[in-house]
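This is the structure I want to talk about, given as structure tokens.
Chain nomenclature is as follows: A, B, C, D, E and F, assigned in order of appearance, with residue numbering initiated at 1 for each chain independently.
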Amino acid sequence: MARYGTQFGPDITFLGVPRCDWSDPASFAGAAVVVLGAPFDGGTSHRPGTRFGPQHIRQSCYLPHDGSRPSLALRVDGLADLAVHDAGDVEMFSGDAERSVRDLQEAVHAIAAAGAVPLVLGGDHTIAWPDAAGVAQHLGQGRVSMIHFDAHADTGDIEFGSLVGHGQPMRRLIESGAVRGDRFLQMGLRGYWPGPETLSWMAGHGMRSYEMTEIVARGLDACLTEASAIAVDDCDGVFLSVDIDVCDPGHAPGTGTPEPGGLTARELLDAVRRLAYELPVVGVDVVEVSPPYDHAEITSFLANRVVLEVLSGMARRRRDAADGTTWDPRRPLLDGR
Amino acid sequence: MARYGTQFGPDITFLGVPRCDWSDPASFAGAAVVVLGAPFDGGTSHRPGTRFGPQHIRQSCYLPHDGSRPSLALRVDGLADLAVHDAGDVEMFSGDAERSVRDLQEAVHAIAAAGAVPLVLGGDHTIAWPDAAGVAQHLGQGRVSMIHFDAHADTGDIEFGSLVGHGQPMRRLIESGAVRGDRFLQMGLRGYWPGPETLSWMAGHGMRSYEMTEIVARGLDACLTEASAIAVDDCDGVFLSVDIDVCDPGHAPGTGTPEPGGLTARELLDAVRRLAYELPVVGVDVVEVSPPYDHAEITSFLANRVVLEVLSGMARRRRDAADGTTWDPRRPLLDGR
Amino acid sequence: MARYGTQFGPDITFLGVPRCDWSDPASFAGAAVVVLGAPFDGGTSHRPGTRFGPQHIRQSCYLPHDGSRPSLALRVDGLADLAVHDAGDVEMFSGDAERSVRDLQEAVHAIAAAGAVPLVLGGDHTIAWPDAAGVAQHLGQGRVSMIHFDAHADTGDIEFGSLVGHGQPMRRLIESGAVRGDRFLQMGLRGYWPGPETLSWMAGHGMRSYEMTEIVARGLDACLTEASAIAVDDCDGVFLSVDIDVCDPGHAPGTGTPEPGGLTARELLDAVRRLAYELPVVGVDVVEVSPPYDHAEITSFLANRVVLEVLSGMARRRRDAADGTTWDPRRPLLDGR
Amino acid sequence: MARYGTQFGPDITFLGVPRCDWSDPASFAGAAVVVLGAPFDGGTSHRPGTRFGPQHIRQSCYLPHDGSRPSLALRVDGLADLAVHDAGDVEMFSGDAERSVRDLQEAVHAIAAAGAVPLVLGGDHTIAWPDAAGVAQHLGQGRVSMIHFDAHADTGDIEFGSLVGHGQPMRRLIESGAVRGDRFLQMGLRGYWPGPETLSWMAGHGMRSYEMTEIVARGLDACLTEASAIAVDDCDGVFLSVDIDVCDPGHAPGTGTPEPGGLTARELLDAVRRLAYELPVVGVDVVEVSPPYDHAEITSFLANRVVLEVLSGMARRRRDAADGTTWDPRRPLLDGR
Amino acid sequence: MARYGTQFGPDITFLGVPRCDWSDPASFAGAAVVVLGAPFDGGTSHRPGTRFGPQHIRQSCYLPHDGSRPSLALRVDGLADLAVHDAGDVEMFSGDAERSVRDLQEAVHAIAAAGAVPLVLGGDHTIAWPDAAGVAQHLGQGRVSMIHFDAHADTGDIEFGSLVGHGQPMRRLIESGAVRGDRFLQMGLRGYWPGPETLSWMAGHGMRSYEMTEIVARGLDACLTEASAIAVDDCDGVFLSVDIDVCDPGHAPGTGTPEPGGLTARELLDAVRRLAYELPVVGVDVVEVSPPYDHAEITSFLANRVVLEVLSGMARRRRDAADGTTWDPRRPLLDGR
Amino acid sequence: MARYGTQFGPDITFLGVPRCDWSDPASFAGAAVVVLGAPFDGGTSHRPGTRFGPQHIRQSCYLPHDGSRPSLALRVDGLADLAVHDAGDVEMFSGDAERSVRDLQEAVHAIAAAGAVPLVLGGDHTIAWPDAAGVAQHLGQGRVSMIHFDAHADTGDIEFGSLVGHGQPMRRLIESGAVRGDRFLQMGLRGYWPGPETLSWMAGHGMRSYEMTEIVARGLDACLTEASAIAVDDCDGVFLSVDIDVCDPGHAPGTGTPEPGGLTARELLDAVRRLAYELPVVGVDVVEVSPPYDHAEITSFLANRVVLEVLSGMARRRRDAADGTTWDPRRPLLDGR
């Protein structure tokens, strides 16, 4: 195996799951999901530090790093049931964004092509472009819809003289045809960016963006229901992109462009769990965790749990599909499954 | 221009708006709002540090400091539409509270007298006295009502041998007649201060204080509706005083006297936006941001957004008044205005 | 008096209440509640630091340390009305868990036997075993029910080769008969621990554990109502054990095993206040506050307020019992009692 | 006793020494030294926070707070041998510098007049004026020399419109005649303040200021020897004023106006120990410790040890005077005294 | 003027010196030195954050930002005497290292060509390549020698697939002929990088690298004297490149690749002051200050003072050249010049 | 292999050296040194956190974790040349000090018995007892001398009711006969502990303790030379025990009982390198690194380098013994070996 390992620090895996090499599908045979690290922060417009995101998200947990995490809520083991493997990092030199995203897309595509769901740990949001494009490269242009949790639309145009940055991936995905604009759902936007011109571009492409004001007024669950329906309409799968800054800075201080007034951690965990349980997820990324700005690792812990809730939801979806049952969130913990 | 500049650090303005001199109305001709810094923490009874509040609130933002902030939620640009100017700081030596508040009141009054709304960045809450008194000096004693977000009533009597401190401004305002006690609305009180004697004094002056228990039981929106009706009854304008410690310490750790159990950042932003949109605001202060106790600047970011939400609300109020429209918080972001 | 004092730092008391010696009941004659420090973190499975919990919880308050805290919400003074005393710490060498818990239980029992309610400041959750067992030793095995706020069930078996640790106290209590499994109520569980085997053990003993998913789906108040009814069914009193990690890490970062997605500080304060007001509380502990991981003391402040809300609720319960009144959370602050 | 106690937090004493009341000399009968807290930061020109200096300096130690500290280096117990007492804080409202310094001077004078050496814990350096003036009030104007460790000369004129601030105390002392300019020795100055005019004023008053360049070039010990000779020439005692920022920010980050390039902690401890051993110290202050800017309490620990080294030096001086011996720093620890 | 301003935060200048535009020499006519910000951290191999170096180095000072800093040690005003101007930042997108260094070199060259000394604030050490190359472009290849303070040799070959990074600038400078290998002096190297192959390359090019072991054994002053002699042998000027990590992490924690065992802050300040006073400095950079990893800004303060000591040394060198005097470090502060 | 792995976090090794199992000597055949983690902080008398020492010391380095570290100063590769292996942690439950030290001693003894030098990463200083005792168990009681860097003598008697704690290991070693009192050398003691009784005990056993005053007065090198001569007199090997708090808190803030006035990082690195080069080291431990109290990992980085300097010294000692050469610290870096 020619595994690259990890770009920073010791060569560890997500909570101790088995190692694999993305270029060698045999090394992750049987895995429903393959974790990939994207330690890149060269595309961020403000605070850097997300290059250490993969390292911290992989290990921010107080339980044994044994490749097993039985969910209390869902009564499945997201890691073991899905035979999750970890392919280590793609080498991404933050000083060369263009080469970095090219190399990342190759790895993501290889995992998807081998039949596993790629789950990418960022890194700044620049990586959403190669992440979703890599999946679309396998499933077909426009066949993958996007549900995107974020405080920011990330649909900007050239910034700092570059087309490749954390403010632009969603525009790149739509312009390239990888994801249809009218199958692009955004949850949690707020604040003072982008300006009218970009909003017009977004409207023109049929995007559906849920700003926090609408979410508060209508309820998050109603918005998710509506978005889910769009996401599965004439698409073969859903890519889930979670920017940790969708949460309020009080819950996720360790990020580069914090925007006050976001979701609580509880809301985000419930939302991604529900989507992973209800929708056919074909790719995931969790981005913008910046450990240098974190306190007591609370943001890394949260991102680790976002990954686990997605995996638990996917695992329960599989199990329920197999035995024809349905999960009931009101059922008491000790009443069993 | 004899502008003082800023008391600490480089001479910057709020997110890059134009400079002006409060003593020279021509320097802010056309401005609907003038920002003023009050870098004073000599009145705090516990943790100091708010002297650096103006410096941090002015610049805690990851977007370009270009004097423009188009609101996603309201589709107006609070800074540009209101031609906001920044008059820099008033020199306030923390070791001389009496002189400091006198000088501040002079500046606030000058701005109000020139026809602009003063928006003061604290500093500790001592400054609410000169802030609201300066506005009342222009509009008339008792003609300005107060809506006051805070964990604390700030209606204390002599403390540390002084009448001028951050625990007393609201008593000073009422005793002096600047603001009527029965037009004094407080949102978010909680904890174990003040004691019965002061509460009796408050009740005796007809104040209406919403403790968090009532807010939780009845809903924040219902309380705001009730308070708004009182605020505009036989008054010519509303002063909005926002102590950042009205938020829970998890959302606003960088403050001097944190009291657990407060509002979320989302709730505060929605509340001040709504009030600024619905009521005739004639003065504003945002106080008690203490950067030395902050983490990753999240409290400064929040205070910066409190200012922007107030400005956006005021700008939208103007626009809707001009074109006879009404803002609908349930409208999707990309459906336009 | 042979008072031990405090194990770390100067010999202070909870917010300045009078000192006493647990081994000398005369020293706390008339006290309804006696505070006891349990500065032990030898039982924690991950981050230590809770040995400094008692020191910080006692003093994290910006008001004078004068032994008085009149509650705005309840209009009673929890400290003065209950004549709270502070017995200082029990010496607990973190390197000897077995001796430490034995010594703690002796002190707790002595306080209960003298007719006061022991309120223990942890320390890691290991201490819940001696805390509740010490009360049961006085009131009778199985006569005390438990309401337990926590992200974790703490019902584990041998860990690190030991039966005494912060993951096991609840199992110890049930196995020993001190508390009946079917009078054991848990609020706020979440995450990925324990595994199926332990859950079966818990179900087998009739425990009732409210995982966050159920709490979100049904509402916290409904769950508390249900739990309260069980707690007082054929039991003589309720022990309230509050692990600060039941709150979200955004509200309580200073803890050893943070699990994202918990209660807000407001929810916890309201919950413990309500239980203390409605139920016959016979013992309390507040645990897992780890100051080295805290920021700006916000977790210590929260724990201090958890103690005060419990005390205020107990004091108001007494007063209402005496004069036949009932507390109404919707009543405005300035309308008096 | 009408002891005020401490202005912030619980009423503790320096490492557990007995309490006393400065206004009641009987309460500290037999004490060679009385500690006094000056929790004032209203005079600082930049970062505040030193109001918490007394609280932190008193308790930043990992040993039992038992009023005893046997020095390894000097083989005396500075606390016990000198019967040190702690008079608590003087109430100093940071918003009223003039009243605060007046009240402080009264307390310092009372202690000196009662025959004890006042040792004042700051607070910002504003307090050096009342500290040394209070001693001179007792011993006579011009009869006390000053040895002043600091990065800054603190001889400025009116600042922020005030004569009372942490940049001016030394000018006040000289102008008032309390201390002679030619008996004013400064160690450790550096940086870019004050400017030529103030330096001329200083030269004109015969001050002797050792800038770090001279100290590095000639050696600290040589400079101390020279300064000591001046200090005892036609004076009756020496006041030792230690601004913690004389140390490099790497050793003392928790301070308001850090100036890189200072002494190491070791150098400062050795210097004050030596001076206290060799000279007739009649007053001491340790100032500018700002806990909000500290990390892991290292600055508070250092200040605590500065106090202890001064006390140990004084105690050894007494013992050697009594039995005619001399301390030899080269003597091995275990060879005994 | 088409000044770009600053890439992050408000548009400030170094301690308040006048603004200028590097592309318009008239805007800095008369300036001996022009400051330039290089907010780039895309080349760092480990912790990022130096993009915020220029912003913090410019303002980390507690004195007024008035463009004047009279040196106590040297009795000149480095800012005023040299008429220092600040050209703001060069836009440097961290995700495109190649374009960034090209643009930076153009700006540096323009400043040098206009007759001013460029003083560049980094950014990571990648920028030393364009910094020194830009000066050599004006003075001639090989006509500029280099004195380089650093824990690391920065002479590595391709890393992360790139030739442009913070581990390679010195190799680039020598290979390109901009600086002669035998006029390349390195002070303060230590640790475990680079390996033998690179050391051979360095030896082969005649470099002279002073590892800390040699510096401790021989004394820093002796090493500086030796290095200075080489630096001015058959060269027309000296470029001074100061990586803040040459200091011990205790003195400079805010950096990306901290290596224990370095110089003290005092040693570095004395060293650069001396070199600037004794040698013909034609270019300067101060790099690797990473604010996210700093505490209480001590590293930024230190870097600010490194800049000021260099400027003060240069200013005094000019003055002494003009009036034929010599600076004596042993002269007492108050004896005048 | 039945390797336990690591007690906290992912199973990593010291900078990537190969894994081994202490109970299986074949797994570390050929290794001159075996690293062992002792994640125990149950014996600390103040701040805990050292349980995370092994995890942090193993990985606090910005270079690739590839099991190779070529020393610039010594021109050997301590890791590769000595074929260092890492046996992971011994499970040490902090709540059971007695069992923990027993288990640790077994592992240390096994490594020594297999012919390798055990290098133990603490953990608090409690572990020095089993560390040195385990080596003596192999080499013979009294045949191993001790050189002990520390701010504290660690020769205390029963504390908190226990004989096993971080204040007592040296007494245990001497009383048990494992190490002779007159072959016990202590460097760097200072402060106010222990008291006269314990000092008498130490003197009575012939210990030689160098307090900082003596070290400053005589020079560290002279003291080390003297101590080295004693250490090799009638002993077969030297155990080197390095408590990181021997350094000044400015250089090593991340520790439990910081005592101002210690060695610089540079001094410690030079000292341990020299001893490892000159003396027959048979065991090493590096203790008291407490990551929760660290900043920017500077204490962990320092401890990592202490390990590397010891290993480099040992490797160079071997090489010089083999080829008859001698290391000269004055030799320029690029002159080769």
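The rule is short, and it goes like this: a contact is a pair of C-beta atoms (placed from the backbone, for glycine too) under 8 Å apart; a residue touches a chain by one contact, two chains touch by 3 or more.
What you see is a predicted model, and the numbers here were worked out from it, not measured in a lab.
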Maximum centroid distance from chain B, chain identifier (CA atoms): F
Contact-richer chain pair [C-D vs B-D]: B-D
Homomeric contact chain B-chain C: same or different residue positions, threshold half: different
Separation of mean Cα positions, chain E and chain A [Å, integer]: 41
For chain C paired with chain E, centre-to-centre distance based on mean C-alpha positions, whole Å: 57
Numbers and ranges of chain E residues touching at least 2 other chains: 46-47, 248, 250-251, 264, 293, 295
All chain pairs that touch each other: A-B, A-C, A-E, A-F, B-C, B-D, B-E, C-D, C-F, D-E, D-F, E-F
Chain B-facing residues of chain C, complex: 62-63, 68-73, 75, 248, 250-252, 264-266, 269-270, 295-298, 301-302, 305, 308, 329-336
Contact footprint of chain B on chain E as seen in their complex: 9-13, 16, 58-59, 65
Parts of chain A lying in touch with chain B, wherever the complex brings them together: 45-47, 189-193, 195-196, 199, 202-203, 207-214, 216-218, 248-251, 253-254, 256-262, 264, 293-295
For the chain A and chain E complex, residues of the former touching the latter: 7-8, 41-44, 46-49, 51-52, 91, 93-100, 126, 160-162, 164-165, 292-293
